[in-house]
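After this come two complexes, each holding chain A, first together with chain B and then together with chain C.
What follows is the complex of A and B.
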């Protein structure tokens, strides 16, 4: 039995390219990967937003209303619904003057999980402990 | 020269804009460029806004990103797509995209 830790790091702001959204998509796909593992083996992904990437976490995104595309906010809500750990760098939120009540939650969809605002040191530790680091 | 510049990046090199020094410069913030109008870092507005220019930000791109078009830096005017068409046809002779 083994647990493989994966760290997905998103450092780019949303929408200019598909890359930052793919970070969340790939992190969510961990459930699919588990089907391919040996009995008892697990994958533990952590999705981390750092630098300009924390701008992905602003709530109130109207991408579907305006451009007809699924918003990054909806993607993040889906991550919370599947109980993914999502870390948002505290220092980078402070740098942009973003308060915790301005970031996405999925209470309206019944998720108990929330985005976790953590110091960069926690994200660094997550990267150190991960077997694979995927950078978006 | 009356120059309109579409700026679609947040981390952009604006030195070329300072060197061009057109008689009239309009900077139209679209895509991730809208963060220049709506976000401060360490309490400081984007240095782009210190340029001598007229600034505009596309409302649709602000709202897509969860940004409030009514809370922009006072130097920036929010625009709809319709306003943008009027602007580029009536106010600027040349347009570039950065």
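What follows is the complex of A and C.
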């Protein structure tokens, strides 16, 4: 019986890149992984956005209108809905001039969880505490 | 002996990542380690059978079949493969089809994970 902590680090920007969406969907898969694990085994993911990756966290994305594909915003909302911990690097948001009220929430879907704006130090600690790091 | 899980997101053609991942998998399994190989993103287009081995291009089918014969568990993301025109009827036999939870479950039981990103 063991819990394995995983850090999912997303540094790629959104829209035509598939990678940031895969970061979110792979992290979200912790919801169903237990069907393949032994009784009592679990996976605990933390999804972290750093660098250009923080652009994934902007609300009002128009990927569906422009490219006909689901936006990362939709995936992020789903992450919040399944109570995933999602960290956004505070320093990188500031570098882009993005305010906290410009980032995604899933209140309209009834999610209690919110994106957590944290200093880079917190993300570094998350990486240190994780058994494995998956970089998207 | 240990368990190594490789998550591969790079395409067969376009970088050395794919070739490296398959060679590493073979080296590990030859040393007696258990190896799992997960294809997602552009790597999920690679389990197509009937690839013509042109000398100017990377060739994935033969080394992939060899890995499966040696006992490497190879699984592709079903949605990623279908989006690239690869389906169960035109895919290399022995490749498993699943979703991201397969990768997380293999990671759970692994001593080492090598996640090779794409694009």
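By definition in this document, the second predicted complex is superposed on the first by the 135 of 136 C-alpha atoms of A that agree within 3 Å, B and C clash if a C-alpha of one lies under 4 Å from a C-alpha of the other, contacts with A are read in each partner's own complex, and residues count from 1 in each chain.
We adopt the following convention: contacts are C-beta pairs under 8 Å (C-beta built on N, C-alpha and C of every residue); 3 or more make two chains touch, one makes a residue touch a chain.
Computed from a prediction, not measured in an experiment: that's the story for all the values here.
Visitor: Clash or fit: what happens to chain B and chain C when chain A is overlaid?
Guide: On the shared chain A, the partners fit.
Visitor: Between chain B and chain C, what opening angle does the Cα centre of chain A see in the overlaid model, nearest 10 degrees?
Guide: Taking the centre of chain A as apex, the angle works out to 90 degrees.
Visitor: Which partner, chain B or chain C, is in contact with more residues of chain A?
Guide: Result: the larger residue contact count on chain A belongs to C.
Visitor: In the superposed arrangement, which partner chain does A:111 touch: chain B (first), chain C (second), both, or neither?
Guide: neither
Visitor: For A:13, decide between first (touching chain B), second (touching chain C), both and neither.
Guide: Only chain B; A:13 stays clear of chain C.
Visitor: Just to be sure I read the superposition right, which of the two partners does A:134 touch: chain B = first, chain C = second, or both, or neither?
Guide: In the superposition, A:134 touches chain C alone.
Visitor: A:67 in the overlay: touching chain B, chain C, both, or neither? Say first, second, both or neither.
Guide: Touch partner of A:67: chain B, not chain C.
Visitor: Is A:81 in contact with chain B, with chain C, with both, or with neither (first, second, both, neither)?
Guide: So A:81 meets neither chain B nor chain C here.
Visitor: Of the two partner chains, chain B (first) and chain C (second), which one does A:32 touch, if any: first, second, both, or neither?
Guide: After superposing on A, A:32 lies in contact with chain C but is clear of chain B.
Visitor: Using only CA atoms and the superposition described at the top, report the least gap between chain B and chain C in Å.
Guide: Between chain B and chain C, the shortest C-alpha distance works out to 13 Å.
Visitor: Tell me, which parts of chain C touch chain A in their complex?
Guide: 7, 9, 40-42, 99-105, 107-108, 110, 113, 115, 117-119
Visitor: Provide the residue numbers of chain A that touch chain C in the complex, in ascending order.
Guide: Chain A residues touching chain C: 2, 4, 6, 12, 17-19, 22, 25-26, 28-30, 32-33, 35-37, 41, 43, 45, 132-136.
Visitor: Contact residues on chain A for chain B in the complex?
Guide: 13-16, 52, 55, 58-63, 65-67, 71, 73, 95-97
Visitor: Could you please specify the touching residues of chain B with respect to chain A in the complex?
Guide: For chain B paired with chain A, touching residues are 8-11, 31-32, 35, 39-43, 60-61, 63-68.
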